[in-house]
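Take a look at the structures below.
What follows is subunit A paired twice: with subunit B in the first complex and subunit C in the second.
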Partner chain A sequence: MATSFARPKIGELYESQKLALWYFAVAILLFGLQITFGLLMAYQYINPDFMLESLPFMTNRTIHVNTMIVWLLVGLMGGVYWFLPLETGREVVGIKLAKLIWWVIVAGVTVVVLVYLFVQIGPGNAFTLWFINEGREYVEAPRWADLAIVLWVAIFLFNVIATTLAARRVTGLLGVLIFDLVALGALYTAGMHYTVNVTMDQYLWWWVVHLWVEATWEVLVGVLMAWSLMYLLGTPRKLVETWLFLEVALVFGTGILGLGHHYFWIGTPEYWIGLGGFFSALEPLPLVAMVIHALYDSGAHRLQTVNRPALFWAIAQAFGNFIGAGMWGFMQTLPQINMYSHGTQLAAAHGHMAFFGAYLGTVMTLIYIAVQNVRRPIMIPLDSKWWSWAYVLMIVSIVGIAGSFTISGFSQTMIERAELGSTWNAFIQSYTHPWYANTHGWRYFFAWTFTIGYLILVYDLLTIGKRRSA
Partner chain B sequence: MDINRVEVYLDNQDEPIAVLDQPPFVLELDPSKLEVGTHYLIAVVHYQDGSMDHHEYVFDVERKGAIYAGHVSRAPVTTPIEVRMVDRVEIESPVKPDFVRYGLLPLVLFLILAGTAAWLAVVGEKPVPGGVLAAGGKVEAPKAPAGGAGAAAATVDGKALYEKHCASCHQANGQGMPPTFPALAGNDRLADAEYVIDVVLHGKPGTAMPPFGNTLSDEEAAALISYIRTAWGNDYGPVTADEVARLR
Partner chain C sequence: MDYSWIQIAVAAVFISTVITLVLSRGAGWLSPTFWRNAAIVSSLVMTFILLWLTFDTAGQVRPGAGHVPDWTVINYEIHLVWDNEKRRQVPAVGAETGFFGKTWSEEEAFDLINKGKMTLQSRNCMECHQILGNGAYYATDLTRAWLDPWWEERIMPLTGAKTREEAMAAWLKNPPAMPQGPRKMPNLHLNDDELKALIAFLKWMSAIDTNGFPPRFGVIQ
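Let's turn to the complex of A and B:
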C-alpha cells in the first residue's frame, strides 16, 4: 500500500501557536544573520585587514553573539507559546499583549543591530550606555533594549501564570516553567547595573552570563524537551516529569554554586576557588541524566516517531549538550587548569559546541514540530531527504569549528601560558605556532559548510511535508 | 488515495469499537474504561477503490488509586488516524493552582532576585577602606605625563616615543625578534627616509607592523624616526616634520 495518503485537517492552531510561528520565523532569520557574521569573522582571522576600518572583528563578534542569544531565546519562548495552549487546553491569557510586545521587540532588535553596525561605539558617557552599547561582553545591548527585554520576559511570565491560573490546573511541567521564568527575567536585570568597581561589575555580569544560560536556560530546555518527547514518542507524563525534577535538582544544585568557576581570578574572595572548582565539576551530571533519558526513550520506542527530523535533533541536543557543555566545559573548569586556560580559544570551543548542542538542538526540535502541524494535510511521520543533509552538515561543521578552536586554544594554553609564562614573546610564539595559525583555515572551511547546511535547512523547513497529492 | 472508512478494533475483539467514516479521523480513548496493562489497537483503513490497509498501535494503561493514565507509547509509522488518550490524571484529579503559590510567590521571588542584584551593585559603589576608591569614591584621571602634547612642538623626545610605541616588538636595543620583528639596529632599509616614514605612518599590511599615522603628530613621527635612524650605531641622519607631512 502507498505510504502516502490524504490526512484530514485536525483542528486549527491556537492564536498563541500562530504567534509561535512568528517567533520561529524570526529565530531562523536571526540565525542566518549570526552565521553571516561568524563567517566574516572566520575570514578576518585569515585576513585581519579585511573591513578593518568599517566592520572590525569586535563589532562582528558583538553581533554574532548577540543575535545568537536573541534567536535562541526567541526560539525557546516560541516553543513555550506553542505548547502552552496544548498543556492547559485553552488559549493563552493576554495574547494581545504578547503580540504587541513581540512586534516592539522585533523593531527593537532591528534598531539595535543597525546601531551596532553603523554607530558601533560611543564616548564613555551615559548616552552611550543608554543608546549605543552597554559595553559588557555578550550582553552589549544598550540599556533601553535591556529594559525592553525585561518587560518582554515579564509579559511572557504573566502569560504563563495567568493561563495556568485560568485553566484551573497546574502540572509539574508548568510549575517548573513558572519558577524558571521568574529567574530568567530577574537575573537579566543583574547585567544592567553600572559600577566603577570592575570586580563588582563582573560579579553581577556573570549572574547573567552563567546563571542565565547555564541554569535557567537549561531548565527551560528541560521543560521544552519534556513536552517534545511526549509529542514525538508518546512518553508518559509521569516519566518525563520524574526525569525533569531530577534534572532541575541537579542543574540548580550544581549550577548555582558552579557559578564560582567564573570567580576564580576576577578579584573575588579565594573561597570561590574551592566552591567553584567542586560544584562546577559536578555540573555535567544533569547533562548525563538528559542523555540517558533521551537514549532510553528513543530506544524504548525503537526510533518510531511521528516526526523524524525533530526526534533526531532532540537526540543531537542530548549529546551536544553533554559533549559541548559537559565535557568541553569540564575540560577547563578545574582551577588548576583554568589558571592557564581561561580566556583562550578553549572557551570559544566550549561556547560553540555547548550553544549548538544544548539550545540550537532544542530550537530545531521545536521548529520541526511546529512545521509538521502547519502543513496540510499533516504528514506522519514527517520526513524528507533534505533535513538529514542539513543535520549532518551542521553537526560535522560545528565539530570542525569547535575542534579547530580546541587546538588553537590548546596552543595558547600550553605555549603562551604554561610553558613560556604569558610574556610578549610567549604571545608571539603561540600565535605563530602552526597549531594556532593553521586552524584559521580549517575554521573558515567549516564556516562555509555550516552556511551550506543552514541554507539546506531553510529550504527544507519551507518545503518539508508539502506533498504532491498521491 | 481517499479513505472510505476506518474501523478500529481493540485487543483483537471481533466487533470494532469505533467506525470513523468521515474526517477528521480522531479516536478518543478513555483509559479509565480499560483494563490495566498493555493493549493493542488495530485501525483497518478502507479506501475508496476497495483496497485495505491496517495499522497497529500498542499502548499502556496504568492505574494509581482512582487515577488512570493511558499513553500511546509506540506510534505506528504511517497512520491515517489520530488516537487521543483522555488524560484522566488531570480530569479526575485536577490540581487547582493556588494563587498565592503560583501568582504572588513568583512575583516576590522576581523582586527579591532583581533587588539583590541592584543592592549588590550599590554596595559595589561603596568605597572600601584603604582601597582605590577611598578618596570620596571618585577615580582620579591619571596625570598627563610631563612634556605632553603641549610641549611637543619644541622638543619631542624620540627615545621616549620609541620606548612607548616600538620597543615592545623591536626591543629597546633595536635588535627586534627576528623573523617576526626585524632588527632596526644596522638595518640598511632605514637609509631610505621615505620608506621609513611610509611604514611608520601607514604600517605594513600583512605583517604585525601597525600604522601610527593617527597616533603620532608630524613632529612626533619625525622625532621618532630620527631617533631610529641615529641610535644603536645607525648613521642615516634625521628627518624633518615637513618630510613626514608630505608623505601623510
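Let's turn to the complex of A and C:
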C-alpha cells in the first residue's frame, strides 16, 4: 500500500494546508502567552505581593491554563487540516466554512483573553458565567465562548467526515479519527452546564477534563503521530494502523473507567475508589506501547529521516508522554497515596510533564513537518543548528519545572496532610517550610530558561530551511 | 448497587475480551482485524459501564440521599467524627444552631447555597484554592474550610466577631487587611448577600462525605 503519500514534493499546498499554517501560527503565539503568564506566577510564588490586586495569581493561572488548552487543541486540529488532504488525496470539503469559523474563533479567543485580563471577575450571578468567566478550572471560558467552540468543532467534524465520504475510501486512520472526534465534540457539551450540587458538577466536569486529555486527545495524538511516522520514516501503513488500533483499545479500555481516579474524594460512592484505582493503574499501558512503537520505528530506520527536528520531537513525545502522563500519573493515582497527595503541588508536577510530553511534543512534530513544506526549495533532510538548542533547553527546563513541583509536592503531602492535618495553618506551615519554599527559586530559574528555549524555537521556525537548497 | 468494584472490573475486562475473541475468530492476535475489534469492543463496553454507573452515582449523590447533605444542614452544627469501621473521618450533624441568627427553610437554604455556588464560580475561587481537592495549588483546600479551627483560634479574636459565620464574613470582606501567612488573598469585593451565600455554600460542602478527604483533618501530630 502507498506509504509515500506525504513525502515532500514541490508543488502547491492544498487550501486546507494553508489554513493549517494559520492554525500553527496562532498556536505558537498563544504558547508564548501561556509562558508569559507562567513566568508571572512563578515570580508571584517568590514575591506574593507582586501585582496582588491588579493581576492576581488566579487571573494569571486562568490565562496560563486556558491558553494552553486552546493552543494545543489548535495545534492538533491544524495537524488534521495538514494531513487530511494528503490522506484522502483531495481538497477538504467545506474549506470556506472552515476558514470563516477559524477567524471567528481567533476573534473570540482574543475577546475572552482580554475579558480575563481586564474584567477578571463579576457579580455572583448567571451573567458572569455567560459573559466573563465560568469559574471552573480548565473550562473557564464563558458560556457564549462554549457555544462558539461547539460550532467550531462541529464544522471541523463536518470537514473530516465530508472529505472522507467524498474520497470514497475510509482508511483505518480516518475511521479512528472520526470515531474519536465525535466523542471529543460530544464530551465538551458535558461541561457546559451549571448545577448547585458541587459533587454532580465535578462528576460531569471530569467528563470533559479527563475524557478529553486522558482519552480522546490521546487517541487524536495517536492518529497524528501515525501520519507523522509515515511521513518521517516511511513506516508502512499496515504497521501504524495495527499499533493505532492497539493503542485505542488500551487508551479507551483503561481510560474510560480510569476516570474513576477523579471520583475518589468528591462525594461519590465508595466503589469508585476500587474501580478508579484498578483502571488508572493500567492507564500507562498504551503509553508504554507508544514508546516501543516509536523506538522500534526510529531504530529500524537508524534515525534516517526527511526531517530531523520533527523526528526528535516525535521521540520526545513518546518518552514525555510515558514519563509525564504515565509515570508521574501512576505515582499518585492509587487511592492509598492519592488521599494524601491529591490537590498538592504533585498534581502540578504531573500536569506540566504530561502536557509537555503528550501534546506539546506532538504539535512541535506537526509544525516542523509543515514548515519543511512551505520553504522553497524543500530541504531534505530538514535540519538547522538552532532547533536542537531549543529542543534541549525546553526539555531540560520542563524537567526542572516539574522536578521542583515534585519536591514541593512531596513536602506538602508530608507536612500539610500527613503531619499537620490538612488545615489552613497546616497549609501555611507546609508552604513556608524550606523544603517547599526553596523550590520557588529553582522553578523561576527554569521558567526563564524555558522562555529562552521558546524564543530560539520561534527564531528557528522562521528561518529553518531557508538558507541552503537540498 | 449490589456489585463490588472487583466484580465490575473483572466483568468489564472479561466481557471485552470474550466479545473481541468471538468477533476475531480466524484472525491472528497480531493482525489489524483483531486490534480493530478490540478497540471498538473495549470502547463500547467501557462506555456502557460508565453510563450505568453514572445513573447509580447520580442517585446516590442527591442531597439527602447519603453522601451529600440536605440544604438545611446549614442550620446545624457540623463536625467530623472517626468512623471505626470505615477507618476514616465522616461528617456528623449535631444540634440546631441556626445560621446568621436564623433557621433557614428548605427553599431558603437552597436559594442561599445556589447563590453561594454562583459566587464561588464568579470569583474564580478555584484558580487558587481547591474545591473537593480540585483546583489550583496556591491556597488552601476549601472542602472543610467551614470546620477549620483557624476561624476560632485566629480570626474571631482578630475581627471581634461572635460567631464563626460572622468571623468568616468579616475576614473575607477584605482579606489583604488581615493577611494570614506570606501569600495574600486579593479583595474580591464580595457584598453582604454574596458573603452570606458563599459561607452557606462552604458550610454545606463541609458536610459532604468525601471518603475521608482531606486526610486527618484538624488532627495534629
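In this text, the second predicted complex is superposed on the first by the 455 of 470 C-alpha atoms of A that agree within 3 Å, B and C clash if a C-alpha of one lies under 4 Å from a C-alpha of the other, contacts with A are read in each partner's own complex, and residues count from 1 in each chain.
Convention: a residue touches a chain if its C-beta (ideal position, glycine included) is under 8 Å from a C-beta of that chain, and two chains touch if they have at least 3 such contacts.
Model, not experiment: these values are computed from the prediction.
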Following the superposition defined at the top, how do subunit B and subunit C come out on subunit A, clash or fit?
clash
Where does A:H193 make contact in the superposed view: on subunit B (first), on subunit C (second), on both, or on neither?
first
After the superposition on A, what does A:T305 contact: first (subunit B), second (subunit C), both or neither?
first
In the superposed arrangement, which partner chain does A:T171 touch: subunit B (first), subunit C (second), both, or neither?
first
Could you tell me if A:G343 is touching subunit B, subunit C, both of them or neither one (first, second, both, neither)?
second
Should A:L151 be classified as contacting the first partner (subunit B), the second (subunit C), both, or neither?
neither
Could you say whether A:L117 touches subunit B, subunit C, both of them, or neither, answering first, second, both or neither?
neither
Would you mind checking which one, subunit B or subunit C, touches more residues on subunit A?
C
Where does A:G234 make contact in the superposed view: on subunit B (first), on subunit C (second), on both, or on neither?
first
Just subunit B (first), just subunit C (second), both, or neither: which does A:E134 touch?
second
In the superposed arrangement, does A:T432 touch subunit B (first), subunit C (second), both or neither?
both
In the superposed model, identify the part of subunit C that clashes with subunit B, out of 132-140, 150-158 or 204-212.
150-158
Touching both subunit B and subunit C, residues of subunit A:
49, 179, 194, 196-197, 199-201, 203, 238, 424-425, 428, 432
State the interface residues of subunit A toward subunit C in the complex, per the touch definition above.
45, 48-49, 52-53, 56-59, 61-62, 65, 120-126, 128-129, 132-137, 140, 172, 176, 179, 194, 196-203, 238, 241-242, 245-246, 248-249, 252-253, 256-257, 259, 262-275, 278-279, 339-340, 342-345, 347-348, 412, 417-428, 431-432
In the complex, go through subunit B and note every residue touching subunit A.
1-3, 23-26, 47, 51, 53, 59-60, 69, 71-80, 82, 87, 89-90, 94-97, 99, 102-103, 106, 109-114, 117-118, 120-121, 123-125, 133, 137, 139, 168-169, 177, 180-181, 205-206
Any idea which subunit C residues touch subunit A in the complex?
1, 3-6, 8-9, 12, 16, 30-32, 35-36, 38-39, 42-43, 46-47, 49-50, 53-54, 56-58, 60-63, 67-68, 110, 113-128, 130-141, 143-145, 148-150, 176, 180-184, 186-190, 194, 197-198, 201, 205, 208-221
Along subunit A, where are the residues that touch subunit B in the complex?
1-3, 5-11, 49, 154, 157, 161, 164-165, 168-171, 175, 178-179, 181-183, 185-187, 189-190, 193-197, 199-201, 203-204, 207, 233-238, 300-302, 304-306, 380-381, 424-425, 428, 432, 470
